[in-house]
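Here subunit A shows up in two complexes: once beside subunit B, once beside subunit C.
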Partner chain A sequence: MSWDLAHVSLIGAVLVAVPLLYAALGELITERVGVMNIGIEGVMSVGAAAGFIAAVKSHDPAVGLLVGTAVGGLFTLVFFALPVLVFRTSEILVGFAVWFIGLGASAQFGQSYAQEPLKAEIPTLKIPLLGAIPGIGDILFAQPWPYYAAVLMAVAVWFLLTHTAHGLNLRGVGDDPAASYGSGVPVLRWQLVYVSLGGALMGLGGAVVSVVLTQHWQSGLIAGRGWIALALVIFVGWRPLGLLWATYLFGILLTLEHVGQAEDWAIPAPILAMPPYLATVAILIVRGRRGHRLAPAALGTSFLRGGR
Partner chain B sequence: MSTPVRSKPKLRLVLHDPAATGSLLGRVVAVAIGIALGAAFLALQPNVGSSLFSASWSSTLGSALGISQLTQLATPLILAGCAVAVAARVGLWNIGVDGQLILGAWAATAVGFYAPDAIPGAPLVVLMMLAALLGGALWMVVPALAYAYARVNVVVTTLMLNFVAYLWLAYWITGPWSDPSYASLGLSSQPVPDRASLPHFTVGSIEIGVAFLVAVAVAVLLWAVFRFTHHGFRTAMAGADEQVASYGGVNVGRLHLQALLASGAIGGLVGVIVELDRVHRFSSSLSDNTGYLGIVVAALAAHSFAGATLMGFLIAILSATGGALSISGVSSSVVLLLIGILLLMGAFADVPARYRLLRAGAEEPQE
Partner chain C sequence: MRKGNKMTRTARSSLWLLALLVGTAMTLSACGGGGSADGGAKKVKLGVLLLGNGADDYLNLGFRVAANKAADEVGRDKVDLKFVSGVGYNPQATALTEQLFRQGTQVVVDNLSLQQLFYDACAKYPDRICQEEYTLGKVPENTSGFWWKFWQGYYLEGVAAGMLSKTGVIGYLASFKQNYENAHMNALALGCQSVNPDCKVKSVIINNWYDAAKSTSAAETLVNSGADVLAQFVDDTSSVVVARKMSTPSRPVWGFGLHLTQAKFGGDSYVTSMLTAAATQKEITLGLRAALKGEKPPKGPRVYGIGQGMSLGEWGPKVPKEVQDRVAGIEQEIADGKNVFVGPIYDSKGKLRVPEGESLTDKYMYASWDWRVRGVTGG
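On to the complex of A and B.
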């Protein structure tokens, strides 16, 4: 393979990784407060459709990303957080429902925009000095701004969770909600807030796909990215900084298919597209029991104040 | 929430048993509310309005053709619901039925292609079904073992393997088994031999496929196994309380493994049934989100096999309605929205059973 093609692919893979990073960060903070939202795919679809419509109407990609974020958060609050946390319905079933509702609603409301091109584009932002580093400069330091925002977001989540008192309390909610409640932490309120914020990040991830990555909308656009994000959180052991390299690795795996086609490799394209999914399964197995020790201890159990 | 002082009302709602399962009535009411909400949403869409009910009725229960089509649509849904329910009874969600049905159909198609011409129709069909059962079960081996030995989340592993299966299908129908002459109708393999098909017969003016009878037979068989055998009893025990079951001498790990493999095998059957019934090719049209709809069927049916048969029909009615409405400009994916609302309502079905109304000052009764 020529160096040029490898280089271009590595640049492209960064952008492919950005939606995964946002969505996986959203799921990570959701799971850190002890709730598992498996409807990421649906939330991303809604964010992608809403963000795209807003971007087309306003001719401003930034507005699209903002709207995708807001709609993702609201959608998660109404259709996931309230049913699960307030009405104590099954996380798994409601997660599936969110997935179906998100796919259906985005297809229905977005269908009149399916043929519409997005005129506005987010320009590449080259960071001075760092961008001039040969080899990696234009891979890591010459990308559109949502990429930098995603990296900063991962660092911010890491800092919040590991270096602040609030973050310690949040992790407490996910590990032992009863003890947290006893020590005065408003468990339910924080779960509602952070599950919804997580949904907002998933919506942003979806909007990045439609507004930045593909610049068009069609139903089924998210194509399993939400599920990959779910697996990535387990993959990195619930550590936000781990997501930085893990999402990039998956970005590379996801672009492999196109590289193979361009290079006319002997391996057929469908086979080349398999590694991301196989890698996820393989890594979950390798992590195995050890992986579970890293998980928030009370993940998926519902906490009831004083038995009420 | 954080305020410790609160005024006490005369009556208060107390969460009594957070794990309680509601009555059948609650479930029926939930489904009815879900359908009403979905219908209201659809009726509000432009160009639909009052034509909704006539379109739905005439394309489903209102005509002989509609009923014939319903049995055909319900067939894979019933099977997929049964597949999911078998695993759900031990508390595991197999969301990989789509993958298992593809691998099952792949194995069956291979048998169809490479079996000697001397084998007549009926044995060939049986062989293909056996191959499908095996293919589906084999596709489940890795998730099942990973769960049994390392507690790897079955939801994620089975789902990831779905994506691999879609690509596996794409490889075979664009590569070794491709049929260029059929490309206009979507990618498919070459057809399996004519004799590899399940016949249809007519009752009055309604056409029913043998495939449908197979699906119902599988549901009845599963019901009997879980109702009358020791295996069914052990499963019920483990599903209710793993620790109690373990003390009672049940090997829960093995039970999980068996349930997952059986679920995969039944999932494998879903695709070959559709292939033998109407598609006759290895094709992406073998699955129409069937595996995912199977989750809805099983969840709404509360893992009952009789319920799965009923819910299979209900989802078939929704699908047919969605198909009929797509003429009036509604996205064909809107069916997913309706099904999502239905599932959400199904999740709410158990909520009322978990609360008790208590007088102020009264202690919660102990069990």
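On to the complex of A and C.
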């Protein structure tokens, strides 16, 4: 493989990683307040459809991304957060339901837009000076703005969780909701807000797929990326900054599958498709018990369902 | 005891809500089916099984167009048309087909090549008509297959690609590793090499019919890897969208669509699409007419080629007239019966596979082409 091909492939891998980064950040926020939303795939699908429809109708991809974000949040609030946190249902079962509802709803509402092209696209934004750094400038500093926003979002979430009192309280909700409740934190309200915000980021991730990556809508567009995002959160031990390298690593591994085929490497295509998933299993094994210790202590438990 | 009551209430609440949510999902999914439902006593009931969502990819859209036109052709008042989407390669497909038969459906069309899953249901209802895209092996008496001679279409695309390409490298997005995919990329290479003997085809397998994000990434990789023309056998628009996105005045990139026109996605980079719906319409009309007469359609498989319902569509706005004329000339020759797959043809290792004076048959290219021609590389 030539350096030129490696270089342009690394540029492409960054963009492939962006929807994963948004979705995984959404799940990380959700899990940090003690709730696991396994319906990411469904939320991303709804965000992808809503974002694409809005982008087509407004002729503005930025509007599409905003609508995808808003619809992702609203969808999560109505179909996941309220049933789980207010109606006290199983978050695993409702998560599965959200997955299917998201697929069905996005297919239904998006189908008439399958033959609609986007009239405008988000241009590449090259950061002055940084974009001119040889080797990495084009890769890290010459991308569409949703990439920069995703990186800033990861930094913002990290800062919030680790450097603010509010973040400390948030982590407290995920680790020991009883203690948080006892110290006056409005646990249910915070969970509702942050689970919905998490859904908004998942919706944004879906909208990035349809509006930025493919510029085309069809059902099944998310094609498992929601599940990858779910695994990535565990993969990085619930650390927002870890998602930056992890999603990019996955972007590279996903791109490598195509590069290997196009360059006629002597590795069968199905084998080339395996590294992202092998990497997940390998790192989870390496993490072992330590990984469990990194998880929010009360993740998946239902303190408020009986104790409120 | 109180705890037990509480758990029961919670469990009941969970189940109720879950049922509501799943019901909503199923209702929304089912809404995509469409079709008319005004049942009349003399109507022929036609059911069309569609892969996946069935509404928004190009093969399924082609089937929807074809089935509606077939119903119009035999008389809309004589046909009760129903599309069934969400069908997958699992035993539920057999149950679904049987359910259609129990509801009185006389003609069932399978657009996903379910094969044995479909044959099992058809064999139980020998008085009905089953039509399947791409049959393989022994099929029940009431089942006939159909397919398209994609190899002819890809040969024509190859000729156009050879004339348009400056790099001499054509990128091809393959769905799965199958012999029919070998036929497509080989035909593409042979057509291209008829113009430029050094032409190469680079292929990437997507391993899916619907993963537009993956095929978009693969198409970008192919362009980065030297391709300046993209062809595809996946059910999305990635080849034409990526061609448009990555095209620059100094390095134009071209893209082909499939099944229906995709001109509006490709802009100035659009070449043309291989259109298949007219052939599908012919096949479904055959089944409907036979059902109306109480007969069976002629035994298949029927493979529709150029001039038989398959054709290249409108040309992109920037495709030179010279390219259009040359391809149109060869298209006419193929429609008149010319076989363009004649020796000498060498495989990718340099071995002579088809000597001069010999040619490949449609039957061979339908399912048996298990090697790649010179110049074809990749997955």
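Worth pointing out:
We adopt the following convention: the second predicted complex is superposed on the first by the 305 of 308 C-alpha atoms of A that agree within 3 Å, B and C clash if a C-alpha of one lies under 4 Å from a C-alpha of the other, contacts with A are read in each partner's own complex, and residues count from 1 in each chain.
The rule is simple: a contact is a pair of C-beta atoms (placed from the backbone, for glycine too) under 8 Å apart; a residue touches a chain by one contact, two chains touch by 3 or more.
Owing to the predicted nature of the structure, the values given are computational and were not obtained by experimental measurement.
When both complexes are superposed on subunit A, subunit B and subunit C clash. Within the superposed three-chain model, A:Arg189 lies in touch with subunit B and out of touch with subunit C [touch as defined at top]. Shared-chain residue A:Gln111: touches subunit B and subunit C both.
In the superposed model, A:Ala179 lies in contact with neither subunit B nor subunit C.
In the superposition on chain A, contact of A:Ile133 is made with neither subunit B nor subunit C.
In the superposition on chain A, contact of A:Thr255 is made with subunit C only, not with subunit B.
In the overlay built on the shared chain, the residue A:Ala97 is in contact with subunit B and with subunit C.
Shared-chain residue A:Arg225: touches subunit C; no touch with subunit B. When the two structures are aligned on the shared chain, A:Pro270 is found in touch with subunit B and with subunit C.
Of the two partner chains placed by the overlay, subunit B and subunit C both lie in contact with A:Thr89. Among the listed stretches 63-71, 153-161 or 171-179 of subunit C, only 171-179 clashes with subunit B once the two complexes are superposed. Common to the subunit B and subunit C interfaces on subunit A are residues 79, 83, 87-90, 93-94, 97-98, 100-101, 103-105, 107-108, 111, 219-220, 268, 270, 273. Listed in rising order, the residues of subunit B touching subunit A in the complex are 1-2, 14-15, 18, 45, 93, 95, 142-143, 146, 149-153, 155-157, 159-161, 163-164, 167-168, 170-171, 174-175, 292, 295-296, 299, 330-341, 343-344, 346-348, 350-351, 354, 364.
Residues 4-5, 8-9, 12, 16, 19, 79, 83, 87-90, 93-94, 97-98, 100-101, 103-105, 107-108, 110-111, 114-115, 117, 121, 209, 213-223, 225, 254-255, 258-264, 268-270, 272-273, 305-306 of subunit A are the ones that touch subunit C when the two sit in their complex. Across the complex, subunit A is touched by residues 6, 10, 13-14, 17-18, 21-22, 24-29, 31-32, 52-53, 55-57, 61, 171, 177, 202-205, 207-208, 210-214, 216-218, 220-222, 224-225, 227, 235-238, 241, 245, 260, 264-265, 377-379 of subunit C.
Of all residues in subunit A, only 38, 42, 79, 83, 87-90, 92-94, 96-105, 107-108, 111, 184, 186, 188-189, 219-220, 224, 227, 230-231, 234, 268, 270-271, 273-274, 277-278, 280-281, 284-285, 287-289, 291-292, 302, 304, 307-308 touch subunit B in the complex they form.
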